[in-house]
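In the two assemblies presented below, chain A is common to both, partnered first by chain B and then by chain C.
Let's look at the complex of A and B:
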């Protein structure tokens, strides 16, 4: 065992164990972070990464095991102690107050004079930002900032508190490719300025380019720690899956079906958001049978509303919506379900399931008139349960039983439930909105396989995604949306990732 | 250092729920005893009296089975709406309006129609009347999102004032020596009772309504929709349910059920409309529903329990000349301990010993 007085170690975890009821989140985890190092933790959802980080950040103490910082044993009972020891966590979901300014957010909870000197603090923040390349206007309100800028505020927040050890929890999950590049530069600056970083990510490419060392976590246990140069992406992926063969990992999109009839045609569709402001601006779109059309765009540029218009949830203000040759006029959700539209919503937990009802009951959503659930004329709980059991088997939905509340399932199992339900009707058109966001490798591969299989059988699919790897993997044709307008469309073969990334951020490409 | 922590339960079993409710009731009885002691009544003597004179007594049981009737109906009315996360605080007013409609039918048609016609018409008119009263908050909620807690609550005062107006004005019985009561209902407008008891037919109606609601919730498409809307309104939108219509319909049905409670009281107990014929039966329905966690079958038991509380309270009034406020106090304690115990259905307490 290494000595805890190794001067190069800024952080050491020894035998950290943390159990939650019914689950061992971390099992005797050993972990070290060297001075000036980027150490990546790789693992599927639920592998115990967040639990481990939360203990370092002082949100809760470990059941067993010790934490050493600069060789000194520490006990954190609250986050402030962790901050005082120079640890700063940048959460995946921003912890910012939207209608306060950058400065107000940064100094919140830090010791200040009774009379706040904003001019001085603004200056401090500007200097700090320049030092690391974290450029933001201190007096702007958070709601006026882009996602990338908000993340810079989060990083500034921990640096302002004097953090030397930074934990970045999936920092690029919400960023465009360009914003991610900028972040990589900032990370490099921080390393130069003697900070050490624990980096959490799913994206193999950036893991391989950024990390010094990589630790693979699986089911709460450390499987291996590698020096970057001694390993490669395939090997890591295999280990991450628990040494299984990576056979299910790779999917490839079969060629588009040749009988390509036009399934969906939109011309100049306009629609408003919930507050009544225009969010879709003359959108054109065409999807054919046996074709996956990928719609790329940064979240909040109208994709969500477009999906709602297509599925009948949101009314369109103007434009023409033609579906299988029929011009639709203010279709309702039930109309669209009857016409064979399946919809995997972006926010699966909020829209896709009724969390406190059983899995069996959740199979009735969007399908509640189906006679297969009924006896003579009333709901037959045995038939419902029976059906759910079959589907759970078929789609590998893991739960104690079909009577389990849907809300307690993991993200992957929820998504499989939704997919099982939507695809079990007579489908003609599927909208899949961010279908793999936040899912682990297994669930991702499974869901992509089902969608590709359906496509090869002639289904038309609209795939809405921010993940460019997924976009290129799945799509036959790519559209890009920005500011509620379609800013480009091209067959996949003619597209390249940089160009799409630029178009997503509103840069016009000739 | 030893400290207590709350841990989330992984499994929600009905046994846990029932035992937590029972413990909450036990706590309420204990705290109620302290209050009895504070007003100078020996709680052991008082509770002993309850057992002796209510549970071990023919008349006591008869009182219980009469008192349970309005609680069954107002309880299920509140619970049905609560299944959709709609809080019908207005069962009291709907109950009054149901009684008004039944009374109008009884006083105007009672001498011409037989009991076989009268009772169904009175029930129906009470339902329509309660439903119409609930239409106001239901419509405002469905169309404009107006908070139904406030509208239903405030309409209670309007409904009660209406009844006062009728009783002091056009409907007052000329032979009542200026008491604010109507004429007695003719025989054809009185709910029949079982044998020689005072337990009237409303008991059957109440139980039938409860089983009907249970069946609708569990076995029909609309019941499924109600449960989905109550759990997750976004999932309901995504599934294309007509949330406005269902909201309006459920609030109105809830009002109709409370209306039946009013009809049963005037036609089964008092045989006339009079002031304060409802001793907060509508509000008590909220406690009945809560205590039964809005489950129709559980409501039968919680309604019985509240009937015990009321009959015991009347006994205390007679024996120790305690005011009726004692009943309300007791109700308050129950509600308080039930709400307070809610957390234990989802969490359990763990004692932790952390070495620092």
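Let's look at the complex of A and C:
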């Protein structure tokens, strides 16, 4: 029985199993995709979604199980075979070459004449784009494009190869609300033109509005497949989390009428980027104790540099920086640490930890002079390890031991390590830059809970984020930055998500 | 003004081995593999060319064998860097020392012998143009071949499918792999073809510049070519410009020496190398200011497939 019976099935997986050293990524997975259908795969990070998709895309073969395409059994040993069978994967991390043009990216690896006729190919791509509503300029370089445009190039890339089955791996994770809306329209166009789509996401709202069917994956196993109308968001969330109750973000609320003092006040701060061009343009900002100020913006609009100015990494060119009533003039990093500043950097792997050192050593960073780690004269390794074990327990950091290299931990565990280190001192002000980006539901809930708890105890927090759900969940007050300028500023109660999305992209809202 | 033309004629001659070397480096590095072994490869090419010319009395055969010998030695670099994924810097440095030692060992008995120098071959018509003619079109056939290589490599890199694939290998081998292109095949090709060109650059020394063999014949020109690849922004036309600029520096230095001006000859010999440092620093500063990176993004990085992140 090597053929599938149902003629409507464009793709069928039977009993797919894949093991990596130390973990079973997929365990006897069955999955079907019908013609013209949007079938969503729902699951946390590490549930095995990417492994499954990579096998369909031909990056590596399954250990056991069969893949059928249009009823025919296939065995992929490399990605090209998958592409030739009409499968196209749009990766979450774009597989684009930044130094190349749109056209060069799209035609790379496709059969072309030896001498490239760029004019003809540009025209082909323009027409293909128009057909699906994917408008891009073929001659532009990728580095000149916005994230939304880059994604369109990714989609065009697979359509140009004649893909009929598209795999979209968390496509809206990096998009603004407006860009997401545009993407939904493009998806609708593709379905209309007889493509079938596997959609991977954990945003419940879009899953419920787009999908025809929904399959829930947890720890490598299929838990259930639903037809959209026969289920609802709560039920799905519960199954996805492995039947644990969705943890509410309940924290003891601050005592009423607690005095909110001004912790930080910026007036007309200007600063340059590494190349010497102005990146911050007269930025005003005010943060009070016991308050989370959310800073929304598309990344690259000066948020990173603002965080660096605040933490003393980057010098400011002009403006005034007042911290607890004291006017700071060119503070250094150690000044700011001494003043109780904590910093969760955006690129946590590069700037948040020393990847080749152990977890225990990472806790010591910036606290290396603390006498509690010392014996008579020298560092006491036992004390250091003991301390690390306590912190790992407290922050639920999962690793083989405190001697494990920090760099091999998952994103969630790295973030918890950083948070544990930063909060081990008495903090007065915390900068958290994209603290939950790429984390799974459990880690996200944990990190958010710790931050909210600290806030209720009087910490002032600057939360830099692109994720508007997080922004609204966490913030008390919202600022929006665009092109190095603050373009909006309002209490959370007065903000709405569409308006913020527009401001982020530079549309002025009256 | 006559002496400027003379210096420029010499500049082209001095610049030609640099140009071949730089072009070889450009091909290799566009594919994503650094080749610091140029000095060693040039020496291997030089010795092979000298031996073949001495025995077969054929410049053409000398050039072909020089390319093949250097290509063979670079294959070691390719295996170490691409298949075994070792550090490209370390492998390149080892190659430079290995090539130097190897050529010294086998060349020892040849010191003192001479071959005939390659004749100039004026191109009818073009060579009659004042100044330009004698400088560019009254040269030997290897110089003309280098012009041809510049144009050919430019055309392949920027106008053909093959070139797009090569450039993509240097930028993002993981993307190429996901699209079904063989990273191994392209990178091996780039490194070996690049090595062959570098070998031809080496062959230019005994066939044209010196006519004899001594130990360490290339005298560090291979290292200048390494720097020129960066100076040229990995572009064949700029490689031509850079090679002749440094060729001019070398020619000028030789001329000043023969004029008997009282500057120590050691200082004059330092001049092209000091120029290398100064020019590279300036280029780097300017690039940082503009915030453009023209360096292939995956240069120097070994490629691993299908790793779970």
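Just so we're on the same page, the second predicted complex is superposed on the first by the 495 of 510 C-alpha atoms of A that agree within 3 Å, B and C clash if a C-alpha of one lies under 4 Å from a C-alpha of the other, contacts with A are read in each partner's own complex, and residues count from 1 in each chain.
Following the convention adopted for this analysis, contacts are C-beta pairs under 8 Å (C-beta built on N, C-alpha and C of every residue); 3 or more make two chains touch, one makes a residue touch a chain.
Just so it is clear, the structure is predicted and the values come from calculations on it, not from any experiment.
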| item | value |
| --- | --- |
| Side-by-side fit of chain B and chain C on chain A, or clash | fit |
| Contacts of A:98 with chain B and chain C, given as first, second, both or neither | second |
| Angle at chain A between chain B and chain C, C-alpha centres, nearest 10 degrees | 40 |
| First, second, both or neither for A:352, with chain B first and chain C second | first |
| Partner chain(s) touched by A:343 [first = chain B, second = chain C, both, neither] | first |
| Touching partner for A:59 - first (chain B), second (chain C), both, neither | second |
| Which superposed partner A:79 touches (first chain B, second chain C, both, neither) | second |
| Touching partner for A:116 - first (chain B), second (chain C), both, neither | second |
| Which superposed partner A:378 touches (first chain B, second chain C, both, neither) | first |
| Minimum C-alpha separation between chain B and chain C after superposing on chain A, in Å | 7 |
| Touching both chain C and chain B, counted on chain A across the two superposed complexes | none |
| Chain B residues within the chain A interface of the complex | 7-10, 12, 215, 218-221, 223-225, 227-228, 231-232, 234-240, 354, 356 |
| Residues on chain A engaged by chain B in the complex (per definition of touch) | 21-22, 61, 75, 311-313, 332-334, 336-337, 343, 345, 347, 350-357, 361, 364-366, 368-369, 378-379, 381, 405, 408 |
| Chain A partner contacts - residues on chain C that touch it in the complex | 159-162, 164-165, 167-168, 171-172, 174-181, 288-291, 293-294, 296-297, 306, 308 |
| Chain A residues within the chain C interface of the complex | 20, 51, 54, 57, 59-60, 78-81, 83, 89, 91, 95-100, 104, 107-109, 112-116, 274-276 |
